[in-house]
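Let me begin by handing over the structure; questions about it come next.
Letters A, B and C mark the chains as written, and numbering starts fresh at 1 in each.
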Amino acid sequence: MDTRVIEVRTGGRPAVVDLTSQVAEFCHSRGDGLLSVFTPHSTCGLALIEVGAGSDRDLWTVLERVFPRKGDWLHRHGSPGHGGDHVMPALVSPSLVLPVLDGRPTLGIWQSVVLVDPNRDNPVRRVRLSFLSG
Amino acid sequence: MDTRVIEVRTGGRPAVVDLTSQVAEFCHSRGDGLLSVFTPHSTCGLALIEVGAGSDRDLWTVLERVFPRKGDWLHRHGSPGHGGDHVMPALVSPSLVLPVLDGRPTLGIWQSVVLVDPNRDNPVRRVRLSFLSG
Amino acid sequence: MDTRVIEVRTGGRPAVVDLTSQVAEFCHSRGDGLLSVFTPHSTCGLALIEVGAGSDRDLWTVLERVFPRKGDWLHRHGSPGHGGDHVMPALVSPSLVLPVLDGRPTLGIWQSVVLVDPNRDNPVRRVRLSFLSG
């Protein structure tokens, strides 16, 4: 298994960061197999969505409805509403698997691999890419 | 890695389509390994739920609450409320991995693999099955 | 592929059960690869969240909002609101993949692997661990 950790600059605000080109670059010339994309943080998730047409901002509308920043969270520390950030990964998982053929992830034309980080207290995140060939 | 794309007829309306028998057929006589089920569309997801007892329709009730068709989505094109369809895959992932033993996915008796497609504008969808033996 | 089924005692109430030590023990001395964590029940999910600081209870607040026990579910049997339990796995998937390096799951310091079981009618659950080395 080949594996690499990439650093992702999210800045100090809720961020949806497109990782597609880094994922593609990692898979390049590796043949066929399964790619695990994994982020080791307790307030981040990974998703496959279209970016650039508004859906990344629409995602925040949904997340605010499900995990309201004004919610009465038991887990309290950091920025207001941060307790909800800690529940998000139960629904937006930090683990994602992509099939890879001939060194290319078999994504659809409108699919991007994104890191979803509602947390405003950590400007840099890590994502592990692991390729198991078959 | 053995891989195949199947076409799924969803018709022109929101659909939960049971793929279990096609998944089982693909795994048949392949031994042990991991099966990736993946759909390359930006408005579809995959899920493991019981079908035939009402849960497939209950799922739409939940999705309508989380992604309301009357929502004020930034991503606007196609049918009304289609912007919400584009966020759904962040919570109902288009990627799913199943353990396979002796050519059989180790599903529970009430679990079915389903394609969840809220989109009414595309009557045919694709799903990629990829088996990595171990 | 090495695989094992573990039994998880959830008791007769909604439960978030930490499986991290059992997952770590299973991976021990297995080298590098991908670990599939899978539960074959139609009303359970798996998640990676922090435990012990309130997030496990915050998770129930979110699940009650999305799958209200007083909801008018079509799937009716068992305890009141059980129909919602049957939809939960569409959003909290019963399948999870973890990268493993040198016999250790590459979890973040605050991440725990948990079984999420809203069902109060089944006191014992099963989880299958499957390791594919690479």
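Keep this in mind: a residue touches a chain if its C-beta (ideal position, glycine included) is under 8 Å from a C-beta of that chain, and two chains touch if they have at least 3 such contacts.
Keep in mind that this is a model prediction, so the values were computed, not measured.
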Inset, instruction - Work out which chains are contact partners of both subunit A and subunit B. - result: C
Inset, instruction - On C-alpha atoms only, rotate subunit B onto subunit C and read off the angle in steps of 5 degrees. - result: 120
Legend entry - subunit A-subunit C separation of Cα centroids, rounded to whole Å: 20
Legend entry - Sequence positions of subunit C contacting 2 or more other chains: 34, 66, 91, 93, 97, 132-133
Legend entry - Residue numbers on subunit B that touch subunit C, as the complex places them: 32-34, 45, 47-50, 53-55, 57-59, 61-62, 65-66, 91-93, 96-99, 101, 106-111, 116, 132-134
Inset, instruction - Write out the stretch or stretches of subunit C touching subunit B in their complex. - result: 1, 3, 34, 36, 38-42, 66-67, 71-76, 83-84, 86-87, 89-91, 93-95, 97, 128, 130, 132-133
